[in-house]
Amino acid sequence: MEYRRLGRSGLQVSVLSYGSWVTYANQIDTRAARECMAAAFDAGVNFFDNAEVYAAGQSEVLMGEAIKALGWPRLSYVVSTKFYWGLSEGPNQKNTLNRKYLMHAIDGSLKRLQLDHVDLVFCHRPDANTPIEETVWAMSDMIRQGKALYWGTSEWSADEIRAAWEIAERHHLHKPVMEQPQYHLFHRRRVEKEYARLYEDIGLGLTTWSPLASGLLTGKYRQGIPAGSRGSMENLSFLREQLTDPAKNEAVGRLEEIARELDASVAQLAIAWCARHPRVSTVITGASRLEQLRHNLGALEVLPRLTPEVLERIDEISKPLAR
Amino acid sequence: MEYRRLGRSGLQVSVLSYGSWVTYANQIDTRAARECMAAAFDAGVNFFDNAEVYAAGQSEVLMGEAIKALGWPRLSYVVSTKFYWGLSEGPNQKNTLNRKYLMHAIDGSLKRLQLDHVDLVFCHRPDANTPIEETVWAMSDMIRQGKALYWGTSEWSADEIRAAWEIAERHHLHKPVMEQPQYHLFHRRRVEKEYARLYEDIGLGLTTWSPLASGLLTGKYRQGIPAGSRGSMENLSFLREQLTDPAKNEAVGRLEEIARELDASVAQLAIAWCARHPRVSTVITGASRLEQLRHNLGALEVLPRLTPEVLERIDEISKPLAR
Amino acid sequence: MEYRRLGRSGLQVSVLSYGSWVTYANQIDTRAARECMAAAFDAGVNFFDNAEVYAAGQSEVLMGEAIKALGWPRLSYVVSTKFYWGLSEGPNQKNTLNRKYLMHAIDGSLKRLQLDHVDLVFCHRPDANTPIEETVWAMSDMIRQGKALYWGTSEWSADEIRAAWEIAERHHLHKPVMEQPQYHLFHRRRVEKEYARLYEDIGLGLTTWSPLASGLLTGKYRQGIPAGSRGSMENLSFLREQLTDPAKNEAVGRLEEIARELDASVAQLAIAWCARHPRVSTVITGASRLEQLRHNLGALEVLPRLTPEVLERIDEISKPLAR
Amino acid sequence: MEYRRLGRSGLQVSVLSYGSWVTYANQIDTRAARECMAAAFDAGVNFFDNAEVYAAGQSEVLMGEAIKALGWPRLSYVVSTKFYWGLSEGPNQKNTLNRKYLMHAIDGSLKRLQLDHVDLVFCHRPDANTPIEETVWAMSDMIRQGKALYWGTSEWSADEIRAAWEIAERHHLHKPVMEQPQYHLFHRRRVEKEYARLYEDIGLGLTTWSPLASGLLTGKYRQGIPAGSRGSMENLSFLREQLTDPAKNEAVGRLEEIARELDASVAQLAIAWCARHPRVSTVITGASRLEQLRHNLGALEVLPRLTPEVLERIDEISKPLAR
């Protein structure tokens, strides 16, 4: 496994990591979760991504039980959670980054995870209705209280990230260290353009999500929506249009040819492609079955095969369709 | 229910809220308190205002018992307290905002409320004998220690509020977020003139008290002082002169005509009129009986009927008599 | 009793206060201590001064037991302690204000006093071998940890006090609030000259010690050293020369005449004279017997009799002999 | 024993101190450790140096047991630990000064030492892969949490030390106080040249290690590598080349002559020579046997015999061979 620093921080994360979004408690039970985590860990994965909202808290419960059962030394793994969406209805209970919600949320997550601190804590989305300063204070307080070690953002604009960093610098608070953006062959602008200055200016690290574009880049939607896939799930219907986009599925077909030449699947190609970006610290992958996990981790071997020439061919196919 | 941000903060409060001043432990017992709070909560009220001095601590005890009995999730409600008047006699025990009193007071309130933190904590009055810096440090320390989430002031001058904000900004402490001023048809200057710059400059939020001018705006003092009313209570004798002011009571009569046209009581008109100010986050209303509570909450329906034309007629009647 | 603000702080202290230096555990037992403290408190004294070094820790033990037995509400009294001399021999154990000693000392004092915090904590002397910045951080940390409410100095130079204040201001730490200097008719320069600018510039408050010049100003040394007096005690032999100074004892004789005109003892005159200085917040007096305590408190009645004319006569007698 | 301030700090350390590097748990058992520590303490040594990595944590366990058994008052001794190398394999487990490792490491050390705080905590080496700012925050947080009293570095460059100091000053954090460099007759540049400006500019104190150049300066390697010596130990093979350097061993022979004139051993001369530098606060010596300890402490008597003339002769012999 290759390890990279989380941006300019001193924390090292495996370039491929394991996330529990969608998967946990929706499609997976306790034992399968533990087996996937054990296999990932044994393969060198040290970062396990989570969020309060994943499976409405159950994802944290499952991961907490797995960690406890597996008995890893605390220094050997990195766990995250994220706050914004909330677990209940009400004006300060969802879609907010206000102090009341955040200070309440971290205690709930730690309890579900059975941990006394998480390593990374993210603001899961920006909240236009809370001053960034209020959020920065609350995130910094989580660190000061020992409940988290580093904090960052997810899907914030470059301007919002910089504002948070500058406010923390001015008030001598803990500064945001990382951002978790969507990043895959068809979704590039943020990572490649919008954040460009932040890498140098504030040392921003990236933990990217959705390397397979919710499954689109596995090729399985080329012949419509398979039963049991994410595209078929009621609560994920917002994904359907993208997953069945004809032009993108046609491009996936052409990428499969390149993948074949590299002795890889198109999914492995897509994951490796994310990891090839020098500012990406870790690519979060999901898996509900052991074989899927191992398949994804195979992307590590594809990484050195992504020569400039190969990357150019990939760009020709995917870039015109990418945001 | 409509929810508004508390000034520029990310906290949302119901535009009508429920306060325990005067009412609790003077005119109300445990069961009635619980019933009123339950009804308010069910109607969408999420802010419950309190203070150390209300009923000499008993108001906090009653509210604490009610909250415990009702079993609401902690994120679903916002509780306040306020410090200044004190509960006992002595040089550091009353009429002060010094560090000794404040650090002692918060522990007492939390114990009476049976909570580990309040959401809002107010300096109940300014204290000319304590440097604002000393008070700012103590209030900020309450937040740092997790005993409160936001702090503010009550009946402070604009200059005092700004001084507190600037001191906190300079020393990187938690800044005041809200002010609790008296605000009703006959008491307007602070909210409409004195604080005008603070809304933009520091994002000040308002939780206003006495929307009915201690009952004057219900019309019940038009024929003298009813038995059992506040105007008749010995310890509230300072209110009597205002309540029986002939010019004001005559104006109340004219406002009743407007209220009738809007299919409302003058009390509902008066409450809605406070809430119509865009800088008012919440109007605190009191009630010792369920029907009174429901009547007050009816002001919500009056709010959209306050057209510019109606507001102009209300101004003609009340403004000449207002401070 | 008259109460004064401790400098610019919001804390109010009785203008006459009760200190346990010399007295406790040397000349007094548990019961006498409790009786004196009870009488002082009943007369309105709210400040009880102490130090780690007084009677080698026993003074704190006695006062702690008395406070516990008397059961006063915590807000009704102000307790101090002071650190510098230490309780044991060794390079970081005595005559120091380094972080190691200070952080250790406060825990010991709180244990002996059976309190969870003191109100005032003093650096008992300046320490030329510790950077003022190190001491400021440690004192501020005591306050941040809730172990003390205000901190100050004792017998520091104006320059040292200002340095401490400026360092705290720059690093956003708790600033020193008060100084405890020796102050009596024959010892004036610090209070009247050296600190003059500090009262306005940083709001320095004073808790003065030795109003009777260790007994000289009672007149009892006019005929030599009485048996059982401080002047006769082995461990206080450094006081003897001053106590038997002929010129000063002669001046005491002339002050007695003025005192007689004011219907007071020379001791009461001397105590009242200290309290007449507008920058003195409190004059610390000691007493091992109830009658002595009551006699000292009688100075309160002498205070208004100190007219400009009387003060001028006192100056004529004492100023030429004063430092 | 002579005591010196640790740089500009107010902490006093014995000019000769006792370190457990190499010795503990490798060459020494519980009883011997306790005996050496007791003898050192009785001779006035008050600083006991340790590190997480020494004997893989066992050195802390042994020292913790000894301290507990000896029952010294907490103020009477100064204990250190150091972090960088780690106790296990893995990306955030060794060779790092990131926040995750440091916050974890201090808890482990305190547990092994059976203490609630150490006096000194060092960054055992610089970490080019962690921003100095991240390390400064973590070290400062250890102090804020009461787990350590002072922090410093070991074998950092002057530039790195100054960067840490300036970052801490700017963000109002606890600043580094001391550095632990190698310093002996053949290793001088850092202490005498590189750090020269830091002594005045930031008040840097030094706790130097290896006064005997791992035994070279005892003369015992003049006739090859004795059995059982450090030079013969497998895990210390990196020392061998230096220990058997012919030119240096020849110089040791000439230094022995000077030592003989001073009625001392060359080891005592070498230790005293380190202590003669005014910026050295303490010279850390090791000993696995009582007689060795007593022999080393004998260097104290040699110190006053190091006249300018003697020092010049020592320089002539050693300086040309020194780094």
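Per-chain numbering from 1; labels A, B, C and D assigned in written order.
What we mean here is this: a contact is a pair of C-beta atoms (placed from the backbone, for glycine too) under 8 Å apart; a residue touches a chain by one contact, two chains touch by 3 or more.
Given the structure is predicted, the values throughout are model-derived calculations rather than measurements.
Enquirer: Using the contact definition stated above, find the chains touching both subunit A and subunit B.
Expert: A chain counts here if it touches both subunit A and subunit B, and no chain qualifies.
Enquirer: How short can a path of touching chains from subunit A to subunit C be, counted in steps?
Expert: 2
Enquirer: Taking shared residue numbers divided by all residue numbers at the interface, is the value for subunit C and subunit D over half (same) or under half (different)?
Expert: Different, since most residue numbers here occur in only one copy.
Enquirer: Just grab the chain with the largest centre-to-centre distance to subunit D, centres being mean Cα coordinates.
Expert: The most distant chain relative to subunit D turns out to be B.
Enquirer: Cα centroid separation between subunit B and subunit D, in whole Å?
Expert: Taking the mean C-alpha position of each chain, the two centres sit 63 Å apart.
Enquirer: Report, in whole Å, the distance between the mean C-alpha point of subunit A and the mean C-alpha point of subunit D.
Expert: Using C-alpha averages as centres, the distance is 44 Å.
Enquirer: Could you pull out the residues of subunit C that touch at least 2 other chains?
Expert: In subunit C, the residues touching two or more other chains are 172.
Enquirer: Run through the chains and report each pair that touches.
Expert: Those chain pairs satisfying the definition are A-B, A-D, B-C, C-D.
Enquirer: How about subunit B: which of its residues touch subunit C in the complex?
Expert: 86, 88, 90-93, 96-101, 103-104, 127, 129-131, 134-135, 137, 141, 145, 171-173
Enquirer: Given the complex with subunit C, which residues does subunit D contribute to the contact?
Expert: Residues of subunit D touching subunit C: 3, 5, 8-14, 46, 73-76, 78, 119, 144, 146, 149-150, 172, 174, 203.
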